[in-house]
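Dumping the structure here so I can ask a few things about it.
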Amino acid sequence: MRSRLYPVFKYTVIALWACFVAGPFFWAMTTSFKDVNGVQGGATYLPWLQYEPTVIGWRNIFGGAGGVDVMQPFFNSAVVTLAASAISLVLGSLAAYALSRYRFKFGFIKNSDIVFFFVSQRIMPPVVLVIPFFYLLQWTGLLDTILGLVIVTVALLLPIAVWVMVDFFNGIPREIDEMAMLDGCGPFQTFVRAILPNSLPGLTVAAMFCAVFGWNDFFFAFRLTFTEVQTLPQAVVALNSSIPPWWTLSAAALFGVAPLILLALWVERYLSKGNLSGAVR
Amino acid sequence: MTQLDIVDVGHSYTPGSEEERWALKPLGLTFEAGKTYALVGPSGCGKTTLLNILSGLVRPSQGQVLFDGADVTALPTKARNIAQVFQFPVIYQSMTVYENLAFPLQCRRWDKARIDAKVHQVAEALDLDDRLRQPARRLTADDKQLISLGRGLVRDDVAAVLMDEPLTVIDPQLKHSLRRKIREITEQFRPTVIYVTHDQYEAMSIAQEVLVMKDGRAMQQGTPEQLFEAPSSTYVGYFIGSPAMNFLTVDRTHGNVTLGGRALAMAWDIPQSTSESQVGIRPEYVEVVTEPGPNTFPARLRDVRDHGPQRVFEMEVAGQLIRAKVPRENGIPALEEFLVHLPRAKALPYADGRLVLHS
Amino acid sequence: MRNGSYKGLVAAAIVVALTATACTGQDPVENKPDKPALFKPGSEISYSKYSKNYPKTKVKDVPGPCSYESISRKDYSGQTLKIISHAIPVIGEPTQLHAEQFEEITGANVEVINVPFGELHQKILTPLQAGQPAYDVMFYPSLWIGDMAPHLAPVPKKYLDTPGMKDVTKAYMDVATWDGKVVQYPVDGDRHYLKVRTDVLEDPKRQAAYKAATGKDLRTPRTWTEYQEIAAYFSGKDVDGDGKPNFGSAEVTKRDDLTFSAFISRAAPYVKHPDVEGGLFFDLESMKPLINTPGFVRALEDMVKAKSTWAPGGANFGLGDEILSFGGGQSVMSYSWDDAFIQAQQPDGTIRNKIGAAELPGSDEVYNRTTKAWDKKPNQAPYFTWGWTSAVAKAARNQNMAFDYLCFFSNEANTALDLTIGRFGVNPYRKAHFDADFWEQQGWDKDVAESYVRTLSGMESSTNRVFDLRVPGVNGYMSALANGVAAALAGQKAPQRALDDVAAEWERITDQIGKDKVRSAYRHVVALEDN
Amino acid sequence: MNLSATDLCLTVDGVDHLKQVTATFVPGRLHTVIGRTMAGKTTLLRVLAGLQAVDSGALTREGADFLKTPVWRRDTAMVYQQFINYPHLNVFDNVAFPLRRAGLSRNEIRRRVISSLARVGLADFERRKPSQLSGGQQQRVALARALARGTGILLLDEPLANLDYKLREQLRDEFRTLFSDQGDTVVIYTTTEPAEAMMLGDVVLVMHEGQILQIGSPQEVFERPATTTVASIINDPPMNIFTGRIESGQVTVAGFQATHVSAHLADLPDGVYQFGLRATDVSLASAGVEGEVTFVEISGSETFVHAAVGETPFVIQIEGIHDVALGDLVKLRLRPERLFAFDEEGSLVRTPSYDLAPVEGR
Amino acid sequence: MEALRRHKSMFLLPGLLTLALIIIFPLLFTIRVSFSGWNVSNPQLDFIGGANYATMLHDSRFWASIMRLVLLAGGTVLIQYVIGFGMALLVWREARGRRLWRVLFLVPMMTTPVVMAAIWQMIFHESLGPVNDLLGMLGLAEVPWLTESGPALVALMTVEVWQWTPFMFLLLLAGLLSLPKEPFMAAAIDGADAWRTFRKVTFPLMAPVSVAAIIIRLIEASKLSDSVYVLTSGGPGSSTETPGYYLYIQGLRDQQTGYSGAMSLTYLVLMIVTLTVVAALLARAFKLKGDS
């Protein structure tokens, strides 16, 4: 097995997978510098050699006519994602802490059932939720507002936060809580001063998942807003017409996924430090 | 069983650097075939490095490791034919007890019947024969450690069994019985065993020979009795025995050893040239007496510690602290001042912290 | 303050900030007095200042209530107009462009959202039904009128009387009318017609070769049978010498795109009997679906047969693919909206001026549902399929502004420019547009321009017209039809079986919505068809 | 200021963790609770700290119901067997944590932290994180934190159990001085080691299976163990317990020749008794009853030889370290004058007397 | 901590109530609406009994989509698991530039599914996309990626594998990084080769992480619809339709709210039952029973 061929095999496999992973990005990148002539003649890859590059696609996403302006949607996405993630992390950590530390019993319902209740929300088909959400937000006057979208997004993210944090808190010795209480902290102070500061890896993972699922939500944002709160995925999809302008679509797509790619860099750093290992289990 | 020799082996994790810090200072040792050795010392003393060098996990920056005379320094773990028991019980979770024990033999492609016979033989010795069909992961920690040991023992040709603090995570109640079991098994199978521990008493209870290590240096190798009776350094005297050995600074005037101005008769001499001369004596050998005589010194009682069947007296003799271990039935002297007797044969000479036995 | 609690503060601050933003944004409606015009009457208008993408074409602002000059007198500053439109570019791009201009000249704040076709219907209708004033102006396919009408503000007389509106052809005014009221603002005229490569079909050498091979004349097909023969002949041949094979036909076949329109085009001559009245999709009396009658089945059989003449991927072509395939020169023939034709005629197009337009193919026989027999007679039935339309919601806060926007959108200058940009999806709908000179000015060859204008105006004068099923719930019907067609194309069901299932589904939908409700809506359509 | 427990009971999943525990803990004294693992020692401490609820019973402090007081108002400090510190805080902040919660002034906090770190010998480690310290140092930090507050109750749950032997020995010595001036603090210290309990405790409580078996001074408990169980708990190695009988002035125990009863047993009626004999009171001799060595352990400076006489196991404690091979045959001698006599239920009936009158050590 | 009963609700309730408030209403609403004839032209809560459920029973498109989902989700999650595990093993320990690989391999899961599906749609475009172009260069025939049911399913699975293998990769890599060293040393000492070490050590040790990762992915995959929506719109025919997409068509695009409510609930119950059973089966398959 560990023959001299093994490294060749190993790096070949890694390289192949890397090509597959990077392929769509490469394609989007090269397409974003094309125009209709660069697209119509069939697949081309290399600028100058195979097609004449233009920045029209990129210009179009920053307010050029025939494109979309991505800046406002970017801001909306950022606010919704950050706010919903923050709320989910706060509420999720609190709930997860309770579920990790205390025993609950309401009739036949026990801790594991409550955790399951949280996590099971992820099984809900979005269609089940979106129509009622529409009326819910309408009654509260929150349709097409950032606040409304944040509330809905919290419903999507909270289960994730609870799921990650319960596991993580279970890994923190209870003695730390006890010690903090003995040291004069009430339950809330115990949580804030003794447990949270030691939960950074868990919070990081939870925050990452929240960011991923919050930022990438299209389904709900699309259906619960009209004109005021356009998020980035909506802006990209607005280009998915019967005659899609591939170049603009590619540029918008790359712009839309870029922030979270930076997140990947950050996650990897934590991973390499070994901090996340205990948190993702 | 195999004899293990290490020849001038030393290891530094930062070789060649300005301040070369030795995790293990160069040394030579011989581990005879079929004997049980313990490496003992506080954390960071180099015992784990030495173990890793033997197992092949660490390649020493200098020296040679010989297994029955063959140089294995460059060989990886797999090729050294050793067995190892780790701190945390390591078993193959997905397998039964039987499969765990059979695993090393399957890797060696033994035939079924031979594996079966061997596994049963070892399992019987380990008292696991009634649980062979159980999933190994359901066993208690101590039984898991036995399986680890067993995986080494099934291999007839195993060069050595290395044990790295195997009792660390064992419940205190069970430590005792597992220690006993390990001892029994090693007596029965007689592999060459290298046992690493930080607990000196565990080392002495298990091993025929103990190697005390400190700061990457081998301090003393010997039987438990040797370590107790004649510690080669003040450190070993401190490290072995509870309470630790007493060390009293003595003066040397005209070839005579004196303590607080009184002559101290000894069976050995202390060389002239030393800067610090000490006499070491175990608290067990310090006697509280009422009648003056040779080697008696006035003492003042500072404190008494009740250990139950014995009491430890903390006394001041010639301005120095000295402890004596006294049977409970002897009671406590009513007087504040009394005499202690230091038997001539038990008072050992130390020069600059090392035992010097010149008669 | 040590770490730990500041995070909570940040979160709290965000919530407060969000609540604050959520509670603002409702502008009061106020009608400000007019301001001075920004344009002189008859100024030259061009889009070139907005993007290099736009042609340099200049047109004159035609004086009138919707002109640049008139609209620029309005002062809508401080007011917000919310618009929903289709994705960019088709109709979405002109919506945005004219919104930007409207902002510039009136001071209004215009917000436009563009959504993909599949989403448009529910995205508009859900808030309308829920009574949520989400959008003031909506652009959508005209056939949804049955669903939308109850929520739409009728076009005020003021706008009906504009010269532009008066010039809209009868067919498109009919399309915009519901229950006697004009509730949709015409901005586009759509129909299906045939587009062919004249450089291929009219090439004498090829004509000779074709004659030799099939014994028939090569010409612009008059029937679907001829269409199939020609398409089959050219499929796989490299007709333009670019080293890649060409194909016979490009059609919209993607299920959730506009397949139903393509199918109706193919079915029209088989099912629209000039002498039979009382409904094409349903028997108006019984409301029994006719979709599984032999005429429709024949059309579906044709379409399944046609698969062999499609380019790779042709069985999942959306409108965009069809446009690229014909407009890019890959397919020799195509039938659908104008877009492919205009796209092919773009200044940098590869097959510019090598194409021609014609009526949709007809048939040699037509099914008579009253006699249940095929009548042997040549038949043509132009299909006025849906086009883009626009409307103002009843709930719009400032209806004047909304209608002014639409009036501006469709003023003569804008329409003239929009017509020339293929991807905009704006096609002739006024009598003035059926003018070959205008197209020749855009650089079209005379015969191309003439065939185009002839085809379009010819359809207007036909008496055997087919319209969309413009009833409430039309999407349900069309989606069921598309499913049936797709199932047959994918080979999952035989055509007859597929359409039987569609008919059953249609009956179910009708029952669900209410037979009378559907009938009263369908009556309007039948009235148009039966003249 | 007494802390009094009355009839504390706690059963979890059918297992008694506390069974009618009644005890009074007095300020200024150090109480050691000795018992084997799972004896209920830790549970008792957790109940006193308020970390664990009980099924029944009362706990009062200064006459007030202490059970109703939440943990954070109990004025209690606790040191765990595992070295528990706040991983995210450095040594200084760890020790300062409870002081900050108590709202002391900056200067006062600084003063107290410095002095208590000095007391545990960690003066130069203020800026280190707990993870950068050795086990012993971590435990010292925990100790410093507990001491710095000067709480009314100080609980130590086997604080030395997880330390190296030498460190244990050293800290145990230090504890004597560390706890000697605790003023009005109630100190409770649990341990499994008799020597530790004896050496540190003013009062020793012996626990077994959730029950308190005996409370008394170290000497009392050691010299007058109330039952065979106490006797084996308070001795290391555990006291040899075996059945024997007294018959017409002769004592017979398993495998040994009958001997004359010694004076302290003389007045006992004939019958079957359980006898206890400390390992130190059995010796290896050139003549005596033969036993087979089953195991040899070395602890401290002593060798424990386990030998079986017939079916009866004996532990013999020999001073110093000796090589005794497994399976050797050795000769055992008992010291009859050292026999503890218990009745058949295990209650103490006679203790051997010591030659010298016992004297308090301090 | 049991002494603190009074305080525990304080922690749990904000989150629990928030979620319950946000979730319970939609659930009740959906249950109610499933017994109504709410549709595009009749948007109200009348009562039509179980008619929607009766229709559903005969809706072969719905049941076919469920069977297809089982296949798709099962298949893609399995492929994701195998590739994710494989890649995690390759860049776990020593690998040149492993940090670069790790970042790269994580990136797809960070991207927006609808957005990337739009890119994939170009990639699979039969005449203008690179896939057929590259196949052509290799001398292979062009594949009608999105127009024939077989290739369309392959395309869909490719996108899913691309998007979510990184998720598996992340969980499994984190799992691998937290494994103790000793079992591997033990295996080396016992003389096990690489394959045996993987089978007997790595794989069993990773069992808990594996089960968790697979279940989470199955939960998410059960909602598969975004990429179907953009990529194939369920076509050709209905050959790539998943329940998520079919529900979207019925419930949102065609606004058959009542009917889609009935299907949603049925689907939800089926998913919960299936996933529970699968979780139990996996746990047994990985021999997790009896351990924590």
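For reference, chains read A, B, C, D and E in written order, and residue numbers begin at 1 within each chain.
By definition in this document, a residue touches a chain if its C-beta (ideal position, glycine included) is under 8 Å from a C-beta of that chain, and two chains touch if they have at least 3 such contacts.
This structure is a prediction, so every number in the text was calculated from the model and none was measured.
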Required steps from subunit A to subunit B (each step between touching chains, minimum): 2
With a step meaning a move to a chain it touches, how many steps does the shortest path from subunit A to subunit C take? 1
Write down the chain pair with more C-beta contact pairs when C-E is set against B-E. C-E
Where the CA atoms of subunit B average out and where those of subunit C average out, how many Å apart are those spots? 91
Computed distance of Cα centres, subunit D from subunit B, in Å: 27
Provide the C-alpha centroid distance between subunit A and subunit D, rounded to the nearest whole angstrom. 55
Subunit E: which residues touch two or more other chains? 1-2, 4-5, 127-128, 132, 193, 252
Touching two or more other chains - residues of subunit B: none
Give me the residue numbers in subunit A that touch at least two other chains, ranges are fine. 40, 42, 135, 178, 181, 186, 193, 197, 223, 237, 239-240, 244
Contact footprint of subunit E on subunit B as seen in their complex: 55, 57, 76-78, 82-84, 86-88, 90, 92-95, 103-104, 107-108, 135, 137-138, 148, 151
In the complex, the residues of subunit E that touch subunit A are 1-2, 4-5, 7-12, 14-16, 18-19, 22-23, 25-27, 29-30, 33, 83, 86-87, 90-91, 95-96, 99, 101-116, 118-120, 122-123, 127-130, 132-134, 162, 166, 170-171, 173-175, 177-178, 193-195, 208-209, 212, 219-220, 222-223, 225-226, 230, 243-244, 247-248, 251-252, 257, 260-261, 264-265, 267-268, 271-272, 275
If we count contacts the way the header does, which residues on subunit E are in touch with subunit C in the complex? 37, 39-43, 55, 61, 125-128, 132, 142, 144-149, 152, 229, 232-239, 249, 252-256
Subunit E residues touching subunit B in their complex are 180, 182-183, 185-186, 188-193, 196, 200-201, 203-205, 207, 287, 290-291
Using the touch definition from the top, list the residues of subunit B that touch subunit D in their complex. 42-43, 171-173, 176, 179-180, 183-184, 187, 198-201, 204-205, 223-225, 227-229, 238-244, 282-284, 303-311, 325, 327-332, 334
